[in-house]
Amino acid sequence: MTVKIGVIGTGAIGSDHARRINQVLSGGKITALHDFYPASAESTKTRFAADAEIFASGEELINSPSVDAVLVTTTGATHEAYVLAAIAAGKPCFCEKPLATTAAAAKRIVAAEIAGGQRLVQVGFMRRYDEGYVALKQAVQTQTGAPIMVHAAHRNPTVPTSYNTPMAIHDTLIHEIDVFRWLLDDDYVSAMVTFPRRAARSHAQLRDPQIVTLKTAKGVVINTEIFVNCHYGYDIQCEVVGEDGIAKLPDPMAVSMRLAAKLQSPILTDWKDRFVASYDVELQDFLRAAARGTASGPTAWDGYMAAIASDACVTAQENEGQAIAINCPPRPALYA
Amino acid sequence: MTVKIGVIGTGAIGSDHARRINQVLSGGKITALHDFYPASAESTKTRFAADAEIFASGEELINSPSVDAVLVTTTGATHEAYVLAAIAAGKPCFCEKPLATTAAAAKRIVAAEIAGGQRLVQVGFMRRYDEGYVALKQAVQTQTGAPIMVHAAHRNPTVPTSYNTPMAIHDTLIHEIDVFRWLLDDDYVSAMVTFPRRAARSHAQLRDPQIVTLKTAKGVVINTEIFVNCHYGYDIQCEVVGEDGIAKLPDPMAVSMRLAAKLQSPILTDWKDRFVASYDVELQDFLRAAARGTASGPTAWDGYMAAIASDACVTAQENEGQAIAINCPPRPALYA
Amino acid sequence: MTVKIGVIGTGAIGSDHARRINQVLSGGKITALHDFYPASAESTKTRFAADAEIFASGEELINSPSVDAVLVTTTGATHEAYVLAAIAAGKPCFCEKPLATTAAAAKRIVAAEIAGGQRLVQVGFMRRYDEGYVALKQAVQTQTGAPIMVHAAHRNPTVPTSYNTPMAIHDTLIHEIDVFRWLLDDDYVSAMVTFPRRAARSHAQLRDPQIVTLKTAKGVVINTEIFVNCHYGYDIQCEVVGEDGIAKLPDPMAVSMRLAAKLQSPILTDWKDRFVASYDVELQDFLRAAARGTASGPTAWDGYMAAIASDACVTAQENEGQAIAINCPPRPALYA
Amino acid sequence: MTVKIGVIGTGAIGSDHARRINQVLSGGKITALHDFYPASAESTKTRFAADAEIFASGEELINSPSVDAVLVTTTGATHEAYVLAAIAAGKPCFCEKPLATTAAAAKRIVAAEIAGGQRLVQVGFMRRYDEGYVALKQAVQTQTGAPIMVHAAHRNPTVPTSYNTPMAIHDTLIHEIDVFRWLLDDDYVSAMVTFPRRAARSHAQLRDPQIVTLKTAKGVVINTEIFVNCHYGYDIQCEVVGEDGIAKLPDPMAVSMRLAAKLQSPILTDWKDRFVASYDVELQDFLRAAARGTASGPTAWDGYMAAIASDACVTAQENEGQAIAINCPPRPALYA
């Protein structure tokens, strides 16, 4: 069976997902496109989806019989309405992160999905599909003993001046927030932020770097350095300390060279290269589940939990050195 | 366009390629199957290709209008006939290595393809599609300066007692023989073999390990250790020494751990895991070229050159310490 | 010139230093020994210092004309009196850490040395002489740009049940407390402690592991994990994040092996092996300075500052999650 | 006891050894100096050995009652006479490599030492004292199983134009020739040389790089790349392949950095830095044995065996691709 896919939002990530489904992956076909800018949808059609129909609205696309499942890749503020519409239509829906821009909106999506009685939503937390994190999780489950601490870092070479302090949570740490819940099979109970002196390359609206300390229900302490003007490269580090030993997230594959008095291997500088392979895997997972009329991978509940934790982290930024409680409601049966 | 694919030979590799085309890759569909054992073809149909027709002979399959392109994944001795039939039918043909079991047979395939005037054959040298080798080649072309030496190793944990000394060339070194021609963009001029003492885990029909020294037309010396009872793992090593520096083939991605007084990371033990991702890439390349009615990647000429070099290496095994000449005929224009 | 050395306290470390001076290093000779247990001094004389005279008290030893310089390697509570006596006698004095068991006592030593007008005291913070830390400091000063954060770990495989929570500061973190002041050329302004859940191998008197967060006057944030039941080995980790990049303390030299499906290299398990070479270097430094009638290396002021910071860290342990201020008095000219 | 040392030859290495004995090591004192250029001896006396007497000839120095043991650090051609004189005087003698410039001369030294009935000569093969090789040897003896192959490289960034092809053996490979005999506890039976194309940075009198293949009596095959214009650094590589696994010589301690889109650590460029620590250890070993009136470490026999193997390697250079036999006489009882 070939799943007929409609894409709402054909910007960079939406058109790339269209390419992926039509040219790389198996089992799906782009049949429908919509964008706030019709020219954008036309461009995606021309480049990657000649057979797709262009719809005047996302709602029409969602409800069209030529669409089995939906990708929501618009700006974050519009996610809630499209995802709710897809749930209402009973169609599997892949929604890029964030699931919604507020915890309250995410909670409404969760409620709608529960009311429908089946999983339909996958949130685009692609790191869970990265082979490095998958291998790390296996090592943690089988080799290191139960986790006690995590030391992590999320570093960008630079950010534009429009990037401000809260974006270090909502745009950057959000990936760690989700992937550590999954890695540790745990929930957060508190967040605290520590600021060193501001880096010279930081700018007026941004306190960079910072260290976010998350505690989990099982008592794990997670320290994550966020340094978005680190200059040297895009670098994701993660080390899990368990009862018996330590496991470290692999660095990306790189050729080791002996050159110019240095043993050296390249570090990526563009975040888009770091998890590129995992986008293929996450969408293949979506296609497989959609063929069965359901969803797999990161849930709406995961999106909701990420929103709650993000809000607490921003509050913690505003109250340096104070532990801000994160109150997770009980997990509904649908997401057990 | 979806390329209709017929598979001749539905053993382990043939059925796995059928799965790949129907479940993983984009742009192809298995429409036809044949195996010497009809039950094998039926099994593949059941598992991976419900819509495929089973043919009573490879020749009928090749000539069926429901087949646009052919995968030849039978035992080596039958490759020549099927590949020649595909060329005669003007259909793109992916042939697992070896292209043929003798250099003379490979030469006949080359002659037929040249007579047809266009590339139709891709040989299954998957290492050229491995991201590690691709990155290594780029490093050699841009960073190390012109290559002068290559130090390599091909190690298996163990082999069955049916594995004899010449198989160390035909089944094992064959991959290095092809990939180093591609990596260096070069041809071989001689081969020599050196035998250390026999390893304790070797057996009667096998002198293991051995070191094969290949020289190229450009003057590069390549030393490859073949050690198929190395015990500790399946391990492929390659280091290129150039005018300005050295580049090393990356080891497979692995989680580094601190456990039990050791800094440690796993080494693969099963060869099937080592290049598993490259099979996807090579067949995707085949599908793309087949959609245009032609072939890409390793050519029939590459298969022929590998056969000539392999024969010289076996002669070199029989004459330890002597350099055996490898006489490559001039490269035909079709393969320029 | 050969410096005549008297050793007060001939336990494990004192007798090892005697061996070092008589059998390994150049420029010194053990001429005098004292221990609370005369049999211990006799044993050291027999094994490493046949020509040494045994004194009935440390004070007599310090004031003997056969002693040019003194090593104080007794239990911590007795350090103050011996060091003050050496200062009074105008003799160079190497004192094992801690300089004194209270900050007040360390302050008295500082005052006495200042009153004498010249440096006479070296404190046994041997890490400053470790070639790894020396190389790291050079990298930080020349390559990484100004430091912003330090991520560190101090891990022991196990500790006896007599080891309690404050000892994680006084016996373990004390080394980091000193070496980071030196590495960063900075002073501390606050300390905070975070406790994850207690490790299963911890015991009643000990909350293990813990994370100590130190802030410095220049705004550097230092996170140090202390995990003294980490099980897998004795492991010292340190990574400095600067404006331009990151430098990492080298792991000890180790043979990398490919064995049993693992790429592996040994991790030390006994702390005594980790900095063994630096003891030679620190005492050689002491001998060179003592030959000139003065002292080099870590000062009494460094010992005092370490005592102040340690006290704050213990208070921070008792007040989890609160930043405890560290008030460093201005640095006297003698230690500029 | 302090061993009174006379140094014959006060050039770079001789004066550095004088410094070492008087300023770094324990148990020796420089009492006598001689050099062909008296001003050189005076300079060494001024810098490192104020109490030493300057002798008009090496023979007088050797026979002086103020000398217990001798360092021979003159040019190679004069070694034989001085070493024979020291043996005749019954005094321990440390001789820098080569023991002699011909195998015949080395054989005469062996004969004289045997006639004297006790070991008096230590040859300056310092790599045996390098902590990396020591750890490698232990790994080979305890972890990898019996050795079968060695892959090695000896690379210099550049050499002067006076450095010619045979010097690649006598000045460069000589270290590997000795250290592999020791590492494997084995003797050589043949040598063969393979030349790739000449590197662009090589010069008229030098075929650079080259690969020397040595076979041992136990059947081990050793491939050593010699590349003295490798440009990127001074780099010594060695990997031993045994029945159960592989052990690799550690690279020198280096700070790993993340800088400028590279994970990088420095590679040495000056050979003098590579084994600097092992000079201390080898001379301390000499002093300890000399205090007992004998010698330790690399023997005159080792020097003789290295001379025989070197001669065969030069012959192999002149006969590319031919295995040149190395005939080792039986080992005398003194060197068992």
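The chains carry the letters A, B, C and D, assigned in the order they are written, with residues numbered from 1 in each.
Definition applied: a contact is a pair of C-beta atoms (placed from the backbone, for glycine too) under 8 Å apart; a residue touches a chain by one contact, two chains touch by 3 or more.
Because the structure is a prediction, the values reported are computed rather than measured.
Shared contact partners of subunit B and subunit C, listed by label, are A, D. Of the two chain pairs considered here, A-D and A-B, the higher C-beta contact count falls to A-B.
Most remote chain with respect to subunit C, judged by CA-atom centres, is B.
If you average the Cα atoms of subunit B and of subunit D, the two centres end up 45 Å apart. For the pair subunit A and subunit D, the distance between mean C-alpha positions equals 59 Å. A separation of 38 Å divides the Cα centre of subunit A from that of subunit B. Multi-chain contact residues of subunit B (touching two or more other chains) are listed as 232, 244-246, 254, 258-260. Subunit C makes touch with subunit B in their complex at residues 157, 232-233, 235, 251, 254, 258-269. Every residue of subunit B that touches subunit D in the complex is listed here, in rising order: 145-146, 148-149, 151, 192, 194-197, 199-201, 209, 211, 213, 215, 218-221, 223, 225, 227, 230-232, 241, 243-246, 321, 323.
Within the complex, the subunit B residues that touch subunit A are 22-27, 131-132, 135-136, 138-139, 143-144, 244-250, 253-260, 284.
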